[in-house]
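In order of appearance the chains are A, B, C and D, and numbering begins at 1 in each one.
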Amino acid sequence: MSKVTSMTSAIASHVRDGDTLVIEGFTHLICFAAGHEIIRQRKRDLTLCRLTPDLIYDQMIAAGCAKKLVFSWAGNPGAGSLHAFRRAVEQDGGGPLELEEYSHFGMVGRLSAGAARLPFWTMRNYMGTDLPAVNPLIRSVICPYTGEALATVPALNPDVTIVHAQRADADGNTQIWGLLGVQKEAAFASRRVIVVVEELVDQSVIRADPNRTIIPGMIVDAVVVEPWGAHPSFAQGYYDRDNAFYVGWEAISRDPAALERYLDEFVHGVGDRAGYVRKCGGLERLRASSRVCAGVNYGY
Amino acid sequence: MTYSPAELMACVAARELRDGEVVFVGIGLPNLACNLARATHAPGLVLIYESGAVGAVPERLPVSIGDPSLVTGSLMVCGMADVFQSFLQNGRIEVGFLGGAQIDRWGNINTTVVGTYDRPTVRLPGSGGAAEIAVHARRTLVVSRLSRRGFPEAVDFITSPGHRMRGRPRRELGMPGAGPVKVVTDKAILEPDESGELVLSALYPGVEPDDVRAGVGWRLRSRDNLAAVAPPSERDRHLLRDGLDPQRLFLKA
Amino acid sequence: MSKVTSMTSAIASHVRDGDTLVIEGFTHLICFAAGHEIIRQRKRDLTLCRLTPDLIYDQMIAAGCAKKLVFSWAGNPGAGSLHAFRRAVEQDGGGPLELEEYSHFGMVGRLSAGAARLPFWTMRNYMGTDLPAVNPLIRSVICPYTGEALATVPALNPDVTIVHAQRADADGNTQIWGLLGVQKEAAFASRRVIVVVEELVDQSVIRADPNRTIIPGMIVDAVVVEPWGAHPSFAQGYYDRDNAFYVGWEAISRDPAALERYLDEFVHGVGDRAGYVRKCGGLERLRASSRVCAGVNYGY
Amino acid sequence: MTYSPAELMACVAARELRDGEVVFVGIGLPNLACNLARATHAPGLVLIYESGAVGAVPERLPVSIGDPSLVTGSLMVCGMADVFQSFLQNGRIEVGFLGGAQIDRWGNINTTVVGTYDRPTVRLPGSGGAAEIAVHARRTLVVSRLSRRGFPEAVDFITSPGHRMRGRPRRELGMPGAGPVKVVTDKAILEPDESGELVLSALYPGVEPDDVRAGVGWRLRSRDNLAAVAPPSERDRHLLRDGLDPQRLFLKA
């Protein structure tokens, strides 16, 4: 039966206070729509995990949803800092936000182990860095063949993972193209999975090109249809990255009052994503140009 | 005709890239340097971004390492597990670009915290892929402007290891890559000596050794015969200003 | 510069006596054309690695190319046995063929470790089986987090890997759709890589759909254009599996003299793949029907 | 109207599958059983083949687990690393089908060698994915014809572990899956008792317990109340003969 539901009910029924939550998407397909609904529903004590917290976790930290942050790069790509995050961490800041810090490779390894349901992942890394000194979860293992020591990171198995995608069918069979990040690993590692898509398509569309399917419906709990749901990040083939918004975030997040106003107006002040898009004055200016590739033959 | 320090930095970095090499690219000057090299002496340069775009040919200046323009028309897009395991850890990356808030005497880089980790005075973004690039890229190029705060005797936190960490040389720690072979600054080029200590190796036009020492937090030693860095060519300046960064997003200063 | 060359020169310059060789392709895209050229060039003492030796390694074993076999399932899918293999291994057989045996997961792990340039791969497997008792390379490691023991297999880093694919450009940027097997892992794990394709395409075709690229040109040493090169296995979108040949192999391989005749006629008796196709009386009967999927938009 | 033992075996196996379950399918009778179930009581059955085809809907009878008809129109095609790590080891496979040349008293299966490993009298294909399916599938169904040689007291080689290996129960060895819950033969169904030993649990029409014992190499015990297996329905026979295997490739005997 169909797993299609509204963002409101998907978040209400699958995201609980105290959960370990992953909203993945590496610069591409970051589900701001889900983050905003989590803020609206005033979820608390979340352990937020992402390689790049990005603006979405900066907003969720400012809104008081986060107890802990697990990450590998906390900046505003090409535009400055995540000031809500910094205020929660720096000496003269309000705090307290618990941190668990890795490198990108470390976070990728944690989710890869989680997806394979192994307790750890092995890598040749971290020699000479101070990261293991501040994160006791970065450990090592001895190779049973060469005797050498290799670095390990523990599996990450979130309670909930939210993945934004270009399209899925009603069962949750999900297709993504362009940057893939660690969406597949995060979904397979998670206890519950919410897929948010730009387009709901008939299953025949999925079956026509099965090599594009990144997440199978069998691991998906809910499908939410939310066009423009990744703004200000982008969806290849649907809309461009809103760089002006990322640049503008520097000033907003630097000023707690301005950030508060932003959340009041653009998150609490709108009932849903459609309201957000209207509030933004529409986003047509970001609509993607057409660069459609040719299909391939699956015949035999 | 004049040029900005940033323009020369991009040109100097570009000159370090050989045709056909596989480069792990960052945003800003490294990206400009790579695309300048592609447009001039290294058309076969293969650009890889940690976001998973391989053989990218951006039609506009990418403002993030995950810009959609890096995907459209690229040779391959793969997941990040492949980026770090099949490409980087596999040893396929010949050049990696690094930069940071602090670079010390041994080429160690700090992009994590200023002050202590638990109560930092400034919290920086963290490693991203820098820690593993510093370990695995066959060689790395560091691009950063000189300043006493930016080039301390020792970094507050080693995010990306250089040539000597807490007294231990990188070979002893089993790192596959050669580490930072050049530090491209706004006034000069620093290179490691046989012990791994960064020393002054080449000066930009009109720069005196003391100008460089003024921007370094340790007693900077010099090579006996300092090289002179050539200014950007007419063509390089034209490509950078009118082609690669017309709005001067990264070339301003 | 172009890496396109003939099968004869690709095998002559990249496959050496004593090499550890992988010709991968799980039922799909098995490069018989390369195997036949290796037989024609009378390569010797090869360590042949494949999950499923299939007919191609049965032929290479019969032709005397193999010193050792590393594998996980040595049957004739749905049609019987690989008798040259059995004769080399069974009590009353001629032998001697050295064996190193795993399960499919074990072989996948060995190539995954090789591709990541790690010395081993970890899995939850082999408890209760007799495989570790006959293969001392199946070992175990203790998890630095849970303290539990997990199975390990050593990395496999072949001297040469040969991958058949639907298409590639002259630099070796290779696209595969349909069953992917472990081609990507085998190519990244290998010191040298030969890609054999049904079609050589302009680089613009590859760049139009970069998510389909499985193997980047930077790790490819030679590109050989060999239509029908995977027969009697198949190439999705190009030609069907020749099941009659697989069924017929039972009788041929059961009789050493018949197998000898087959090699004389279809391998030594033809100069190249084109000659083989003619010898087969053409293969048009296997030409794939058209089931072309729609393209996706890479615009922004 | 008559039916072959193979037809009844396919029907019995099909009855074990519940709608919506995820099944790791093999070629032959297991494939027929799965497609029969899909065509009758379990339209939502998700078929996964170790070749990487997920949600396959073959338009013809696949003769190999890598048949192109498994790909065309499937829900997803993934590499084999994902098949074994993200699906099987991840615990997503609810039912796995196994079979083999030897099945012993404890449900251990041998598909490796008859005789000794080093000098076998018969060299069998080996594990393929069977060893890990036996460990990880939530439950497995074994499909095999009875014979004293095929059902020995103890297998010559344990390729796929059952309920007790060299005296040790599978729980003690930390296997996630429940192991073989039913052995579907051509005369009857065997099931493990609480100790893990296979016992006679259900008889096919017209079969006596002694007919079954004649095909088993150990003193086969019986449940107190044996169930009676219903013959294939008219519809099942029709589907199998005219729809799924018209050339009777797997339904002959």
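Convention: contacts are C-beta pairs under 8 Å (C-beta built on N, C-alpha and C of every residue); 3 or more make two chains touch, one makes a residue touch a chain.
What you are looking at is a predicted structure, and each value in this text was computed from that prediction instead of being measured.
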Does C-D or B-C have more contacting C-beta pairs?
C-D
Need the CA-centroid distance for the pair subunit C / subunit D, whole Å please.
28
Between subunit C and subunit A, distance of the C-alpha-averaged centres to the nearest whole Å
37
Intercentroid distance (Cα basis), subunit D paired with subunit A, Å:
40
Could you list the positions in subunit B whose residues touch two or more of the other chains?
53, 68, 71-72, 77-78, 85, 89
Mark out which residues of subunit C touch at least two other chains, giving numbers and ranges.
117-118, 123-124, 148, 177-178, 180, 184, 208, 211, 234, 236, 240-241, 288, 291, 298-300
Under the stated touch criterion, can you name all the chain pairs that qualify?
A-B, A-C, A-D, B-C, C-D
Given the complex, residues on subunit A that touch subunit D span 115-118, 173, 184, 188, 203, 206-208, 210-211, 213, 216-219, 298-300
Subunit A touches which residues of subunit C in the complex?
117-120, 122-124, 137, 139-146, 148, 150, 152, 154, 166, 177-178, 180, 205, 208-209, 211-212, 234, 236-241, 288-300
Residue set of subunit A touching subunit B in the complex reads 26-28, 51-52, 71-75, 77-79, 81, 85-86, 89-91, 101-105, 108, 112, 123-131, 134, 148, 177-182, 184-185, 234, 236, 240-241, 243, 246, 288, 291
Which positions of subunit B touch subunit C when the two form their complex?
22, 46, 53-55, 57, 68-69, 71-78, 82, 85-86, 89-92
Contact residues on subunit B for subunit A in the complex?
27-28, 50-53, 63-68, 71-72, 77-81, 84-85, 88-89, 108, 112, 115, 117, 119-132, 134-136, 157-161, 165, 168, 170, 173-176
